[in-house]
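See structure below.
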Amino acid sequence: RPEMVEPKNEIGLVNGLAWTSVGGEMLQIEVAILDGSGKVELTGQLGDVMKESAHAAISYIRSRAASLHIEPDFYKTKDIHIHIPEGAIPKDGPSAGVTMCTAVASALSGAPVRYDVAMTGEITLRGRVLPIGGLKEKTMAAYRAGIKTVVIPKENEPDLAEIDPVVASHIQFVPADQIDTVLKTALISAYESRCVPPELAAAPRVKAGEISAPQEAITQ
Amino acid sequence: RPEMVEPKNEIGLVNGLAWTSVGGEMLQIEVAILDGSGKVELTGQLGDVMKESAHAAISYIRSRAASLHIEPDFYKTKDIHIHIPEGAIPKDGPSAGVTMCTAVASALSGAPVRYDVAMTGEITLRGRVLPIGGLKEKTMAAYRAGIKTVVIPKENEPDLAEIDPVVASHIQFVPADQIDTVLKTALISAYESRCVPPELAAAPRVKAGEISAPQEAITQ
Amino acid sequence: RPEMVEPKNEIGLVNGLAWTSVGGEMLQIEVAILDGSGKVELTGQLGDVMKESAHAAISYIRSRAASLHIEPDFYKTKDIHIHIPEGAIPKDGPSAGVTMCTAVASALSGAPVRYDVAMTGEITLRGRVLPIGGLKEKTMAAYRAGIKTVVIPKENEPDLAEIDPVVASHIQFVPADQIDTVLKTALISAYESRCVPPELAAAPRVKAGEISAPQEAITQ
Amino acid sequence: RPEMVEPKNEIGLVNGLAWTSVGGEMLQIEVAILDGSGKVELTGQLGDVMKESAHAAISYIRSRAASLHIEPDFYKTKDIHIHIPEGAIPKDGPSAGVTMCTAVASALSGAPVRYDVAMTGEITLRGRVLPIGGLKEKTMAAYRAGIKTVVIPKENEPDLAEIDPVVASHIQFVPADQIDTVLKTALISAYESRCVPPELAAAPRVKAGEISAPQEAITQ
Amino acid sequence: RPEMVEPKNEIGLVNGLAWTSVGGEMLQIEVAILDGSGKVELTGQLGDVMKESAHAAISYIRSRAASLHIEPDFYKTKDIHIHIPEGAIPKDGPSAGVTMCTAVASALSGAPVRYDVAMTGEITLRGRVLPIGGLKEKTMAAYRAGIKTVVIPKENEPDLAEIDPVVASHIQFVPADQIDTVLKTALISAYESRCVPPELAAAPRVKAGEISAPQEAITQ
Amino acid sequence: RPEMVEPKNEIGLVNGLAWTSVGGEMLQIEVAILDGSGKVELTGQLGDVMKESAHAAISYIRSRAASLHIEPDFYKTKDIHIHIPEGAIPKDGPSAGVTMCTAVASALSGAPVRYDVAMTGEITLRGRVLPIGGLKEKTMAAYRAGIKTVVIPKENEPDLAEIDPVVASHIQFVPADQIDTVLKTALISAYESRCVPPELAAAPRVKAGEISAPQEAITQ
């Protein structure tokens, strides 16, 4: 019996997608921004690659704070805690990079995150979105949880040809090669929250069926 | 010959429930708040997952200090020491999260903890209560110690069907999916201690027998 | 040829009792309080459990500084060094907790320690004294060293039935379930040293023979 | 289907060349300069040798800040983050030294990096460029990515005799024994960016065919 | 061909005696006191037990600075570097405790160390001198190096019966159970150096032949 | 084809000699002195023994700063970076001690280092030079690189009898038992650079043939 996502837009809570030995899984990334002195805390049994992803995401946000409507001195006035339940399960890999970036951006800017959006993708220090593996399994998990929109790396578009037809008919896919596209898709717009910059409008969404790309194996 | 809980409501002392290879065990979590500079000390042979749980609990309290009637600058003016006797026994896992959170909240706010309440549950950074394993054994240990009320994760309600009938007839269960419910149940109310916010009234308690949920295996 | 304890009450020097593979052993715990900035140094090849015991003991003293007649800001104006000779022998376990606590309390308050008192017991963050193992061997070592009084955990009272009769006839046992009882027994009273609070009078001492408790195996 | 380099000169982004068990690979090194306090962050699963290379590169830049038109106090007013995607792939070895140095120099000075230049070479603390291995495979990767100019260590010139003829006919090689030559080749000139010192003009470029050096095995 | 000790009294240089698998060895302990901020540096491939010995020695000196004619604030105004050549040979054990203590006391007070004195003994935090092993081999090494006086732990006096007769006829032994005796023996008196407190006069020296103690095996 | 040393006297660059499983090797030690706060950075895959050597060398220079014409507060106003190319090759052992000391002294004082001098020897905290191994192989490497003068530990003089005759006829050897002799030999004199103290004149140089010492095996 799958666990459905709760229909509520929250700040600092983003739906990620993981790929485990027993299939895809949705995992929610939680971020708390606390008055502090610039410490970063990462909990939930994150491996080294995932921790480095978090630091790349945070540095990206520091380098773009102004355009993200974030106080630029947060790196010395706030502590950032990123936690991924369930705390006993080891997690690793770079594909939660965009999710952690979105969660931190939301928490720092105050922009709520759409509850029905999930995402996967490696992030680089300059905000590029790199391809990931396990898209078929990840989207299956998103579907089971009631997700309506999944942001994927642009380079993974060919993998959409392999998606389960039922999943593909219920989910819209947003290919992104820059984190800007991810943030536009997941964060509630500036008109509603007054926190997201106006140029972040809705990004184009595609149906998996519309794309007929060749099958390609990508390891996560 | 079981060791009974001492009938005294104390500040910073909470009854947790652990699941070991030889059955359930009650373990008391002790918290001391000391004038200091924001250091966190965790002793009692806690494993990495349990230490991360403690940090998630503390960050949650920092993010909610005002509504918990706690001085918001405690993170830089106090040192927090969490200790779990017996010091030679290694302990790990996320299921003491709610217990550590309650103990820290009690110690920081000055609200005493009901001596006849025990609890188990993973806590997330946002105060959600996640399911745990070993409920049958844990409740048996609580019963032997003279506990009257056990707070369990909401998602573990189906496991109540498996509880020993004698245990079920002596203990009230409080299912919680938010830490608020845990704190309301365990901390002495504001009318008595002037430390717990008024909206924290008594949470509904259920008898195990009233719930007929399907059996489900959950690993801790 | 056993080594006898030196008949001199000293500050910051307390007789502990250890249990090794070749029998009991008395070991003296030394504490130096130095002008400093709050650092804690632990030497003598102490294992992790013993180090955590030391930290629990120090936090307990911080939380009770006023009633122990200790300057409450010692945690930031003094360095504390706890050393256990002989430096090449690895030592571990929680049962030196009360000994380290007494030694630190003596060194910080200036109250001398009775030279003919030895002790064993785990300490918790709130000053509870938990049971230990190897009481028979430990008391034999105390007897050989010329000790007159041994403080034991209250929960170990049943083990007194197993003590060697010769040992039992020469040593008085002081069962303690709180560290207060330990400090009252070991520290020279306030009337003499003007350092121990008045309410710390003599605790009742029992002869092993007076107690007929059932035998019980307790691992250290 | 090779991935082409994007035809855009960017600040703090430099094309490096790596040698893996399955052939050469181009990897882009990203640098972010952030207001901070002098911290250096290195992510992307860099091994110890590569991390030390980064520190040597940064120390070189500190020692030459004035002549590189860089604020000399950056070591205490800025944080430097060097990241090498793809984050899950371990990377090591000294041959990315010149690339990291160029990327940091670009990011600190604001001078853009030519998008069609790639490079490989160990850097020393004094800016010498030491030879590397795998030149044939590395240049093949550069060719596939659309690179026009490859900076190589002067001592690797003899290895140009082994380069694939097609690669050699499309790529110009710039031998360098000092990092100055590397920076002159890769950074956009001062006339355009007003950030590169005037004495950094174009360095001479050679065709592989023009050099007939003996074959020599060099391990990376 | 043994290496003779250089006939010169130096500050901060003390002859220690070690016991290796191939016999005794003299090793000189060097101490440098540097303007600094209280850092302690220990080099020469010292094992954990030896490092803890050094820290116990330094804490002892801090606790007795006034009576040793040492500026009491050295722990925050000076850096202490203890080095034991030869740097490639691992060294461990507690028996260099008195030697390190004497070297640090000499360097801090400015009192020169007699070049023809060697020593061995564990030191405790309170300045007690504990017994060591390998006395026969150690004294042989001292004899070969031209040492005239060897300070030994009081509890090792019985071992003098086993000393090689030639060694015993050339060396005077000073048994010590407190570090005071060691310092009196090794440091040049206050009348000469104006740095050693007056009460530190010459300690009594004994010939090995004068003592007829039973043989006893003591492990280092 | 051996690599010749470049005929240029540089500041902070000294020729060391290493002994590997495949023979001797010359390695240049680079030092950069940077405005900073007293940090020491050691790169080039240095092992623990070599790192400790570097720290001993730096402490020696701190203790002798005045006589070396070095600002005595460099330990808190400068960062010191010691790097040994080639960065991928692990290096260890104490015999680069004098080389690192000379390189740091040169960089701090501004005195250039003679390009045709190489050296080997362990350094102690007080500036003594201790013997090393592999002298025959090391001097062969120095000869191949065009070195004219090699500083060796005084205690290694007997090993000169084993030097290859061709090497011995082209190289002058300077035996040193104090680092002063090393610095006098390698640093350009004060008359030229105004940075080296006047008392540092030329040390006597000997030809290997002039000494007929017995063969002796010394491990590095």
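Order of writing sets the labels: A, B, C, D, E and F. Residues in every chain begin at 1.
The rule we apply is simple: a contact is a pair of C-beta atoms (placed from the backbone, for glycine too) under 8 Å apart; a residue touches a chain by one contact, two chains touch by 3 or more.
Because the structure is a prediction, the values reported are computed rather than measured.
Engineer: So which chains are sitting against subunit D and subunit E at once?
Structural biologist: Touching subunit D as well as subunit E, we find F.
Engineer: How would the subunit A/subunit B interface be labelled, same or different, where same requires over half of its residue numbers to be shared?
Structural biologist: Different, since most residue numbers here occur in only one copy.
Engineer: Rounded to the nearest 5 degrees, what angle rotates subunit B onto subunit C on CA?
Structural biologist: Best-fit rotation on C-alpha atoms: 60 degrees.
Engineer: Taking each chain's centre as the mean of its CA atoms, how far is subunit C from subunit E in angstrom?
Structural biologist: About 32 Å, centre to centre.
Engineer: Mind checking the centre-to-centre distance between subunit B and subunit D? Centres are C-alpha means, answer in whole Å.
Structural biologist: Averaging C-alpha atoms per chain gives centres 55 Å apart.
Engineer: When the centre of a chain is set as the mean of its C-alpha atoms, what distance in Å lies between subunit C and subunit D?
Structural biologist: The computed centroid separation for subunit C versus subunit D comes out at 63 Å.
Engineer: What are the residues of subunit A that contact at least two other chains?
Structural biologist: In subunit A, nothing touches at least two other chains.
Engineer: What graph shape do the protein chains here make by touch: line, ring, star, complete or other?
Structural biologist: If you draw each chain as a dot and join those that touch, you get a single closed ring.
Engineer: Output the circular ordering of the chains, read from subunit A in the direction of subunit D.
Structural biologist: Order around the closed ring, subunit A first, subunit D second: A, D, F, E, C, B.
Engineer: Could you list, by residue number, the parts of subunit E that touch subunit C in their complex?
Structural biologist: So the residues of subunit E in touch with subunit C come to 48-49, 52-53, 55-56, 59-60, 62-63, 72-73, 75-76, 93-94, 97, 122, 124-126, 128, 130, 220.
Engineer: Touching residues of subunit C toward subunit E in the complex: what are they?
Structural biologist: 10, 12-13, 30-32, 34-37, 41, 43-45, 79, 81, 83, 85-88
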